[in-house]
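Next, two complexes with chain A in common: one pairs it with chain B, the other with chain C.
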Partner chain A sequence: MSLKFTFRNKRISGILTVLPKREIPFEDEMAHYNFPPAKSLKLKLAMGYNKHRIVEAGTNVSDLCVYGINYLLDEGLLEKDDISALVLVTQSPEHFLPPTSNIIQGKLGLHTDVLCMDINQGCAGFIIGLLQAYMLLEQESIKKVLLLNADVLSQKISKRDRNSNPLAGDAATVTVVERSLEATVIQSVLNMDGKRAYVLQIPAGGFKLPSGPETAEMKEDENGNFRSLDNLVMKGDEVFNFAQKEVPPMIEDLLEISGKKAGDIDFYFFHQPNKFMLHKLADKIGVPREKMPANIVENFGNASGATIPVAVSFNLGADALASTYEVCFAGFGVGLTWAAIQQELGKLKFNQIIYY
Partner chain B sequence: MRQSIIEILTELRPEFDFQQDVDFIEAGMLDSFDVVMLVTALDEKFGISIDGMDVLPENFSSIEQIENLLTKNGVK
Partner chain C sequence: MDELFGQLVELFEVESLDSNDNLVDLDMWDSLTQLSIIALAEENYGITVSAAELRDAQTIGGVIGLFEHKKKSRV
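Let's turn to the complex of A and B:
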């Protein structure tokens, strides 16, 4: 049982990934973990940890997004007058208010008839943002929606937390969404379960528990990780079991609605928590592991809602400018939220990675 | 099968004796990351893919539990 959406005559016309220039190898941080080095190295292999991209202190979501959008404008890949909406999905907003999307609009000097919207979503943020973009495009007045998936959550992760720090990454992606002249059909399924909302959280820093000296105090958990209430905390086992239980039937549901078999899909671009989890999902769904790329954590880290477009940019690159693929996007995590989209992807105007 | 399991466990955590009759999880001999590495090693050794739904600590609490899991996944 899922909430279902169908869209027609819409498409993704380009994906740009913006990654920080700063790259940190796994080995450089092993000494922070309360773990023998030999075991850390085994874990590195099993989970696909290798290196990750982290912003310099002071770099925020709007910096990455503005840099990416200006690149597209400067390269003639996007016209300013075509932008009707900025949909920013982030969990690292610059302020409680104003919305970060408004800040981005201001920095870019866009016209006042541009809709700016922040959405607080994480691992499923690309799916939620894409749904919002497709819904906006039902309106005649909307020409192109810029879906921005951007997070710099590394700042909220304890360097001494081996559950979360090795897989953390920062990134921004700009996905241009518009109408298609072709008769495309896009299917989507969505589920949310707020009863399990605290499986992934940052306990302090909001109105309920403001940050202060007490919330900044580092404490050791039962596994030897050190973190404070200001840091992201993840119940890794529960997240893993949630994904294994909920995602395969959701994909089965989606494929049935789409009238496709698992083998008809060229690529399964899923959220990128770690290699182990993705391999288990591919095996369970019954698709070859090479059809479900699992190489984003090892190369760049997990940048929450940005991981799916990062995976598209990294794995398809310029091939997606000439070819068209049947793809399945799926995001699962924070919320808890699990959602997926089946659609065509290809003949993109751009699909590349740049560095900030 | 039993000998292979013990070899894999011993390579993973050489400081423990996995032939003793204790609950490996409760005794702190295996944590959740060990379970991930153990599953990866068992998958490779026996040419299987243990179902993600079975990657639960209780299925790795003893040699017998691990044997049952492997049997369920088609290992003879």
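Let's turn to the complex of A and C:
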């Protein structure tokens, strides 16, 4: 039982990934953790931790997004006048108000006939953003939607939290979504469960519990991790059980709607929590692990809603300019939200990584 | 449940285990081993256990009892 969406004659025409230049190896941060190095190294191996990309202090979501969009404009890969909407999915907005997408519009000097929209979504942010982009494209006035998935959540993660810090990453992606001249069918399924909203959260810093000296106090949890109420906190075991229980039947559902068998799909580009969880998901769904890339956390870290486009840029690269693939995208996490899209992906105008 | 006993011996990387062994006294008792037991429960036994339930089980015998209880209540 899922909420279902069908879209026709639309496509992704390009994906650009913007990663911070700063790269931190796992070993450099081990001393912060309250665990013997040998145990941390064992965790590294099991989860597929290695190194991650973290922004310099002071770098925000709009910096990464504007850098990426200006790159596309300068390289002639995008025309300013074709941009009808900026859909920014982020959980690290620069302010409560104004929306960060409006700040990006202002920095780019776009005309006023552009829709700017911030969406608060995390792990499933690429799916939610794509759904919004496809819905906008039902309007004739909309030429191209820039879907921006950007987060710099590393600032909210305790360096002494071995549960979250090794896998955290910062990134922005620019996905151009537009109408297709070819007949395409895109299927999607979506579920949300707000009863489990606090499985992943940042307790303080909003209106309900503003940040202050008390919320900044570091406390040790039952596993020996230190964090404050200002930090992101994740119930790792519940996230694991949630994903293993909900994602496989959702994919089965989606494939049935799409009229495809698991083997018809060339790539399963899933959100990237860690290698351990993705391998278990691939096994449970019954697809070869090589069809479900799980190498983003070890190379760059998990940048929330940006992980799926990062995985596409990193794993397909320029191959996606010439070829076309049947893909399945799936995001699961914060909300809790779990959602997936089955569509064609290929003949892209660009699909690459640049560094900020 | 002999099979589970053997799997726990493997996960805790020890020669042998006793039902009365306290989890907190085992060198490998940490969040990674907890996750491995949670994954084992899901994959091999079709049951869902949480880290808190494992902690509350306290001993190896407690973990085995937890698995048995979950398997029964599943049917």
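Convention: the second predicted complex is superposed on the first by the 356 of 356 C-alpha atoms of A that agree within 3 Å, B and C clash if a C-alpha of one lies under 4 Å from a C-alpha of the other, contacts with A are read in each partner's own complex, and residues count from 1 in each chain.
Criterion: a contact is a pair of C-beta atoms (placed from the backbone, for glycine too) under 8 Å apart; a residue touches a chain by one contact, two chains touch by 3 or more.
As the structure is a computational prediction, the values presented were derived from the model and not from experiment.
Engineer: Using the overlay on chain A, decide if chain B and chain C clash or can fit next to each other.
Structural biologist: clash
Engineer: Identify the partner contact of A:226: answer first if only chain B is touched, second if only chain C is, both if each is, neither if none is.
Structural biologist: A:226: touches no partner chain.
Engineer: In the overlaid three-chain picture, which partner chain does A:244 touch, first (chain B) or second (chain C), both, or neither?
Structural biologist: both
Engineer: Go through the superposed model and pick first if A:5 touches only chain B, second if only chain C, both, or neither.
Structural biologist: A:5 contacts neither chain B nor chain C.
Engineer: Have a look at where A:236 lands relative to chain B and chain C in the superposition and call it first, second, both or neither.
Structural biologist: both
Engineer: A:43 in the overlay: touching chain B, chain C, both, or neither? Say first, second, both or neither.
Structural biologist: both
Engineer: Touching A:281 in the superposition: chain B (first), chain C (second), both, neither?
Structural biologist: Touch status of A:281: first partner only.
Engineer: Please indicate which partner A:325 is in contact with in the superposed arrangement: first for chain B, second for chain C, both, or neither.
Structural biologist: So A:325 meets neither chain B nor chain C here.
Engineer: Output the chain A positions appearing in both contact lists, the one against chain B and the one against chain C.
Structural biologist: Common to the two interfaces on chain A: residues 39, 42-43, 46-47, 162, 223, 236-237, 240-241, 244-245, 276, 280, 283-284.
Engineer: Can you check the complex and tell me which residues of chain A touch chain C?
Structural biologist: Those residues of chain A that touch chain C are 35, 39, 42-43, 46-47, 162-163, 222-223, 235-238, 240-241, 244-245, 276, 280, 283-284.
Engineer: If you look only at chain B, which of its residues touch chain A in the complex?
Structural biologist: Interface residues on chain B, with respect to chain A: 12, 31-33, 36-37, 39-40, 49, 51-53, 55-57.
Engineer: Can you check the complex and tell me which residues of chain C touch chain A?
Structural biologist: Residues of chain C touching chain A: 30-32, 34-36, 38-39, 42-43, 48, 50-52, 55.
Engineer: Hey, which residues of chain A end up touching chain B in the complex?
Structural biologist: 39, 42-43, 45-47, 162, 223, 236-237, 240-241, 243-245, 276-277, 279-281, 283-284
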